[in-house]
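Sharing a structure here in structure tokens format.
Think of it as A, B, C and D in the order they're written, each chain with its own count starting at 1.
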Amino acid sequence: MSYARQMLDSYQSAPSADVALLAAAIDAISDCTQACIADTDADLSGQNLTEMVRCIRQCLDCADVCAATGAVLSRPAGYDAAVARPLLQACVAICKSCGDECERHARMHEHCRVCAEACRRCEQACRQLADALR
Amino acid sequence: MSYARQMLDSYQSAPSADVALLAAAIDAISDCTQACIADTDADLSGQNLTEMVRCIRQCLDCADVCAATGAVLSRPAGYDAAVARPLLQACVAICKSCGDECERHARMHEHCRVCAEACRRCEQACRQLADALR
Amino acid sequence: MSYARQMLDSYQSAPSADVALLAAAIDAISDCTQACIADTDADLSGQNLTEMVRCIRQCLDCADVCAATGAVLSRPAGYDAAVARPLLQACVAICKSCGDECERHARMHEHCRVCAEACRRCEQACRQLADALR
Amino acid sequence: MSYARQMLDSYQSAPSADVALLAAAIDAISDCTQACIADTDADLSGQNLTEMVRCIRQCLDCADVCAATGAVLSRPAGYDAAVARPLLQACVAICKSCGDECERHARMHEHCRVCAEACRRCEQACRQLADALR
């Protein structure tokens, strides 16, 4: 069981969302944050830098939006839909476009394939959480 | 002239928004991020902690959302409305509610008065930028 | 295999440290960052807030130092010992004191027990990496 | 007067350091964080990307270390020298090397000149604070 799930199980302040969905989103967001930071570094280490500029930009935005979304979701006791919903929407949008861009390079770059997978899982977990929070 | 404005003036990749509005938003976001982090520490140093719990929570969320919004806005070359708009919406929402909560404590706590002011200015600057980006 | 390990295996730019040690540190740091953010929220939800102030402060510092350390370690291609060593030292120090403080509350608060465990693992993983980087 | 200074003046929990030095460091760190994020974006927008890789890497590390250092310094009530000193040391080191690298491109790129200036001021402010905290 992940630390996120253990933490959520340990106190009774979760929002109306299912704890399993919330923990899954937090875990996927942590993975995606790290993968995007690492992918930026890997992209910068490769050849054909010009082709990787869009991928680097997407990864930078994705890492920052994921970090903020993960932090807000990790503090569920003061849950506020007016903040969490647009934040999840932004997170889904950047994970979608970052995942698309990384996938374009997945054959050439194994690190982009791995990062695309992390983005896809994060996008899906955030969508499911957003649907449950409606 | 702020560093944010100098940086934006130094390269030709700003989004369709007015550079002055963008720089003003980035500067207000930097101030608000720092004020919210500091206000959390000041709140924790005071008496009547129970009354300050909501203020602390709001400041924590506000600092994280502001930091991500400021980072994304500071990289305008890859501007994507599908990400920036909901992110600005989340930022406006948390600055509004954090500003409201800090204002409730402004008479008792000078640090909350200062933080409320930083939140109000950030909320306003982000609203103006969001309107210009429509 | 964690995303951190997959990313490190996918490109040839790791520093002189053992890839397994580096991936373990990055993973432990991600867990600790999230646990500390969540523990702050849980602490604020409890009774006896005055007794938890030190724990909240430590968790806030620990989350921020861990996030930066994790990001720098996730970009190993430009590894610079003059930055990474003191950063790891700061990370070990805050994980140690945060783990100690959380442990003091572990019997009363399950969330502090879980957070203490995340801090201990992070402290240990960062120490091992720091030793290997000498 | 900056928000950082106003916040520090509003409550009596500053560490043994001079409040003016602490506020100056926090302000310089905020500026440097933002300048480094923006410089990354500007570097990615230019020609001769290969020559800018080291600059981009330094800016990414500098932004992350500065953000963490600024957050920890903004919470002075729980000041812990065992954490703050190595963190400031890491911050000085990355500001020094990032400033050096940005300066190398200052003639070609105005954004690097501005970023170098922000790094120099941050390095100096952090050195002065570190000296005062001894």
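Basically, contacts are C-beta pairs under 8 Å (C-beta built on N, C-alpha and C of every residue); 3 or more make two chains touch, one makes a residue touch a chain.
Not measured: the values here are computed from a predicted model.
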Min route length, chain touch network, subunit A to subunit C, equals 1
Comparing which residue numbers subunit B and subunit C contribute to their contact, where sharing over half means same and under half means different, the two sides are same
Note: of the two pairs C-D and B-D, more contacts are counted for B-D
Dist(centroid_CA(subunit B), centroid_CA(subunit C)) in Å evaluates to 27
Rounded to the nearest Å, the gap separating the Cα centres of subunit B and subunit D is 19
So subunit C residues touching two or more other chains come to 40-41, 44, 57, 60, 67, 71, 75, 77-78
Subunit D partner, complex, touching residues on subunit B are 2-4, 6-8, 10-13, 26, 30-31, 33-35, 37-42, 44-46, 63, 67, 70-71, 74-78, 109-111, 113-115, 118
Subunit B contacts subunit C in the complex at 40-41, 44, 49-50, 53, 56-57, 60
Subunit C contacts subunit D in the complex at 54, 57-58, 60-61, 64-65, 67-69, 71-72, 75, 77-78, 80, 82-84, 86-87, 89-90, 93-94, 97
